[in-house]
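Given below, in the form of structure tokens, are the structures.
Across the two complexes that follow, chain A remains constant while its partner is chain B and subsequently chain C.
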Partner chain A sequence: METRGQRFRHSLVTVWTLAVLVFLYLPTICITLASLTASRYFQFPINKWGLDWWQKTFSSIEIRQLLSTSITIALCVTAIAVTIAFFGALAFARYEWKGRSIYQKLILLPIFFPQSVLGLALLLWFNTLGFSLSWQTAVFAHLVWIIPVVTLVISIQVYSFDPALEEAAFDLGATRWQVLKEVTLPVLFPGLFSGALFAFLLSWGNFPLSLFTTGADTTVPEYLYAKMVAGYTPGVPVLGTVSTVGAAILLIGGYGAILAMRRAKAVE
Partner chain B sequence: MRLSQGGKSAIPVVLFLIVGFAAPLLAVIWFSFMPPRSFSFGGAPTLENYATIFQGTNYISFLWSLSLAVTAVALLALVCYPVAYGLVRVFGKWAMLLTLLFTIPLFVSENIRLYGWVLFLIKNGVLLGTLKSMFGLQLESILFSLPAIILGMVYVYLPFMLFPMTLGISMVPNETRDAAFDLGASRWQVFKEVELPLSMPGVVIGFLLTFVLAIGAIAEAKVLGGQRVIPITHDIEIAFTYSQNWPLGAALSVLLMLVVGVLVLLALRRFDLDTFLGRR
Partner chain C sequence: MAEASPILSLKSVRKMFGAHAAVDSIDLDIAEGEFFTIVGPSGSGKTTMLRMLAGMDTPTSGDILLRGERINDLPANKRPTCMVFQSLALFPHRTVGQNIEFPLKIRGEVPESRKARALQLMDLLRLPQSYYAKNVLKCSGGERQRVALARALAYDPQILFFDEPLSAIDYKLRKTLEKELKDIHRETKKTFVYITHSLEEAMVMSDRIGVMRAGKLVQVGTPHQIYSAPNTRFVSEFVGDVNVLPVSLDTDGRLHSRLTGARLKPPPVPEGFSEGHLVIRPEFLRFLAKAADADNAVSGRLYNEYVLGSRIQYQVRVGEGVFAVEKLRQQAFTGKLDDDVIIGWDAKDAILVTD
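Let's turn to the complex of A and B:
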């Protein structure tokens, strides 16, 4: 039922969507342009192009320190979040149990919570417990928000998991551990993988939680924020571009990997 | 008591959230009743902080935060609905790629993306620089103004409205739409009577998520607004940092938590997550 009115509406929707995409990527383009400027201050149209600031930024020891802090935090968050959220997702979507519907809603609360306030609450809490702030406390803070998100991401995969597979393995005499290793984990792997991707990237880009909980250690978003508020530094666009391109590569690569996995499974 | 399999699997998450979420919030609530400017939990409980807030000017920041969040949510709904509709009904096999493109910015720190807007909007920046060199136009920059803050919020929280909405619209069965058309309903009637009500769960989640994020926003007003408008989160941060008045900051946080908490609980109360996420 393809009428003229419908075709017109569909092209309107397409144009609008493309406009929104341009809107979404406009700032990224601006940042990339600014990072390729050779002069000290950003001016458009750019009169002197160059990679000088890229070189300066990457030879800076401070920047390397920042990158290593951010990556360390993100890796720790990923490992812990995926482990805990795996079981969390089983409870969320796999099993029928008494407290399930309350549990499902409780899990959402940290997501539906202003992050800056959560960061301050954690600051106060760490202070009460007598912990000094460092990248470790930031890992904990990120986890409070990221574990629920990853639980949801993995849950979506768990919903399509057929419990009969596990039962069949048990009937064939497999132990609890064997079932987990040979059946449950391989079947849920795409979900765990996207969960890990989410965990890493959300931790890597997080600002409001890091702001109050890293103490003397500084992450990339915190550094950028401090520099932005203080005025223009050409290192900011460079780091920003790196951050954006890195996220895009990870995401597109990860998405490609999931597609490849699905295809491999379909061939089997 | 023997726990069921599901109960056992829930233990790690629940324990973690008790230590990492519930306990800190209780600490904040308790702290809000401590005497002003104290740093320990030992003082005699008092309502002084709340009295200070209700007599002071903090309500202005509260109103700013609320109106900014409401404006951002309303604009987001208008911007995202056509896109979400397109992702479900129009784009077909391109929808996956487009979804991916909409996801990528989500993983870049919001600071960086807001900064991109600064470069775009600033005097001699991408927009005004182009206008000047190509058309000889000299315009005032909208940077550091209220519209810039709202633009930043709409921009940063767009995926949080778009994705729940897409899920919601994909829950509208094609047969129901077709049936409505066959019975002679106009395009507008189908939207109003069929599509909108049936996609409501997703739309509500999108509204809720973006509202909560927007009311807790802190970077937009600073980076794009140039402190022209002071949102409540800024007041809270000031209380915790410069003015070193933790109990006052805690009391402000409690009030903000109350607003958010009541809204979230009201909206989630009648919500079935299994149908929404698992489509069972």
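Let's turn to the complex of A and C:
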């Protein structure tokens, strides 16, 4: 039986939790509400509800182009970042080598640079080296910032990796390649998977780096910003909602996939 | 001990880490089918030595010969040897069956023959067949040991190495697994090379034991030789509780105890001995009615007693020194704490060591 004091404390915790959730999610919910207007302008409260802007947004070729650019960049970033960060994480957490501690600090530095400054710096370099700006240069710019993050994420998994596993596989006759394929990659897979999710989502939502480096191409966050500054339509909250919900589904789906894998293993 | 030609020979094997010799000029022959254990405290170089034998490290100098062939630079995956790791290194993403089959899969065997072999090994190691599809992480400590051993045996190695696999297991289970391992050794007739920091563990299982200290092999012999004729104070203390008296040899052939000042009748004195230590095991000490009942006697005070299962150990304080005396429980000493007692031993039961 709970005493009166315990019940009081529990209700306080509940109220506080709810307050935090409201604080975190109310703005996002308002964006969704703003997209459900039939009016041309941003008004609150909404007088006339409608799905017109959702329909208009999805039939727009421009929007499709935007989504395709953002997804292409995010997929390229994910593939390259996970590959490089995997080896980076092995150097970070698995092997003892001279200069490792300097490397560990250097690799984390780009995370702390203000992204707009990093974007500007990259823009200057692309110009100097004579690269014309496009979604490809944006991929490179994203990688500068995202590879360190993904390296960290994968390193966490690598730290809990027992190097004896590789030695044991090697001792049991496996070649270096077989050790990687049969032991290292599968054991580190959860880390690689969450690294990939991070890479995709960070690239998907990135504004400051894209702003400086996409050139004539436009990503979703860039478009949203431009439309907010000039030429607002309720298409902005529609796209904002799609972008947020898409990211959430990816994240929850990814988490669910990992859980399902664990459960499948537990059943065996 | 099997007196066959050596399967594994070490010729002045040395491993340097910087200026420090982790393994220092070791010569050793291990016979075919032998259960050989290397014992030493942590930092004695035993793990480095095992890693060189298994092919995970290369010696700085010297040679390692497998049936007469030099294998110094042969990598671990090309050696017909296999190791059971301290952490066991079971693949956490695999089932019991998949773990055992790993070396067979690597070798390219078909799934049916792999499974047949895995089940056969599980049978040998008393793992229920139903465990075949069980996740290794769901197995208990003892079961994991068996899976690790089954996986190593599946490789069909000529020599099996063990890197303290039982060190993380609780006492009771460890005792069972030690005996089980010795039984497996009999059944498979393979050469086992085991390392541990516990001489007690080594005694139970081994045909021969090598005691290591600071990179060198101090003594190699059967468990019986190591126990009854340790060649140094280090080895004698490694076996368990012993009484060690610093002594010097007087001109009249008796020993002078530097601790109590007593003059003692010595066991056979090694050539050229002038001073060193006299080692007396607690079970060779006994309580005396009068000093003349044994070759040597000292008097002291009964300070405490400890029950060690089948035996009882008594702590007797003699001046500044402390003696441990052990008796079987059925023959427990009837004296009370703080009684004045006389303890003694016969000269032949003590051992003289130089360092």
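Basically, the second predicted complex is superposed on the first by the 245 of 268 C-alpha atoms of A that agree within 3 Å, B and C clash if a C-alpha of one lies under 4 Å from a C-alpha of the other, contacts with A are read in each partner's own complex, and residues count from 1 in each chain.
The rule is simple: a contact is a pair of C-beta atoms (placed from the backbone, for glycine too) under 8 Å apart; a residue touches a chain by one contact, two chains touch by 3 or more.
This structure is a prediction, so every number in the text was calculated from the model and none was measured.
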Side-by-side fit of chain B and chain C on chain A, or clash: fit
Which of chain B and chain C A:Ile73 touches, first, second, both or neither: neither
Partner chain(s) touched by A:Val150 [first = chain B, second = chain C, both, neither]: neither
First, second, both or neither for A:Leu24, with chain B first and chain C second: first
Partner chain(s) touched by A:Ala164 [first = chain B, second = chain C, both, neither]: second
Touched partner set for A:Gly5, first chain B, second chain C, both or neither: first
Chain B versus chain C as contact partner of A:Leu133, first or second or both or neither: neither
Contacts of A:Val183 with chain B and chain C, given as first, second, both or neither: second
If touched residues of chain A are counted for chain B and for chain C, the larger one: B
Nearest-approach distance, in Å, of chain C Cα atoms to those of chain B in the combined model: 14
Chain A residues contacted in one complex by chain B, in the other by chain C: none
Touching residues on chain A, where the partner in the complex is chain C: 162, 164-165, 167-175, 178, 182-183, 186-187, 189, 265-266, 268
In the complex with chain A, residue positions of chain C that touch it: 54-56, 75-77, 82-83, 85-87, 89, 91-93, 95, 102-103, 105-107, 133-135, 138, 151-152, 155
Residue ranges of chain A touching chain B (in the complex, touch as defined): 1, 5, 9-10, 12-14, 16-17, 20-21, 23-31, 33-34, 42-45, 83-85, 87-88, 90-101, 103-118, 120-125, 127-128, 140-141, 143-144, 147-148, 151-152, 155-156, 159-160, 201-202, 204-208, 212, 220-221, 224-225, 228-229, 236-237, 239-240, 243-244, 247-248, 250-252, 255
List of chain B residues in touch with chain A within their complex: 4-7, 9-14, 16-17, 20-21, 23-25, 27-28, 31, 39, 41, 79, 82-83, 85-87, 90-91, 98, 100-120, 122, 124-126, 129-130, 133, 155, 158, 178, 181, 187, 208-209, 212-213, 215-219, 222-223, 233, 236-237, 240, 246, 249-250, 253, 256-257, 260, 264, 268, 271, 273-274, 277-280
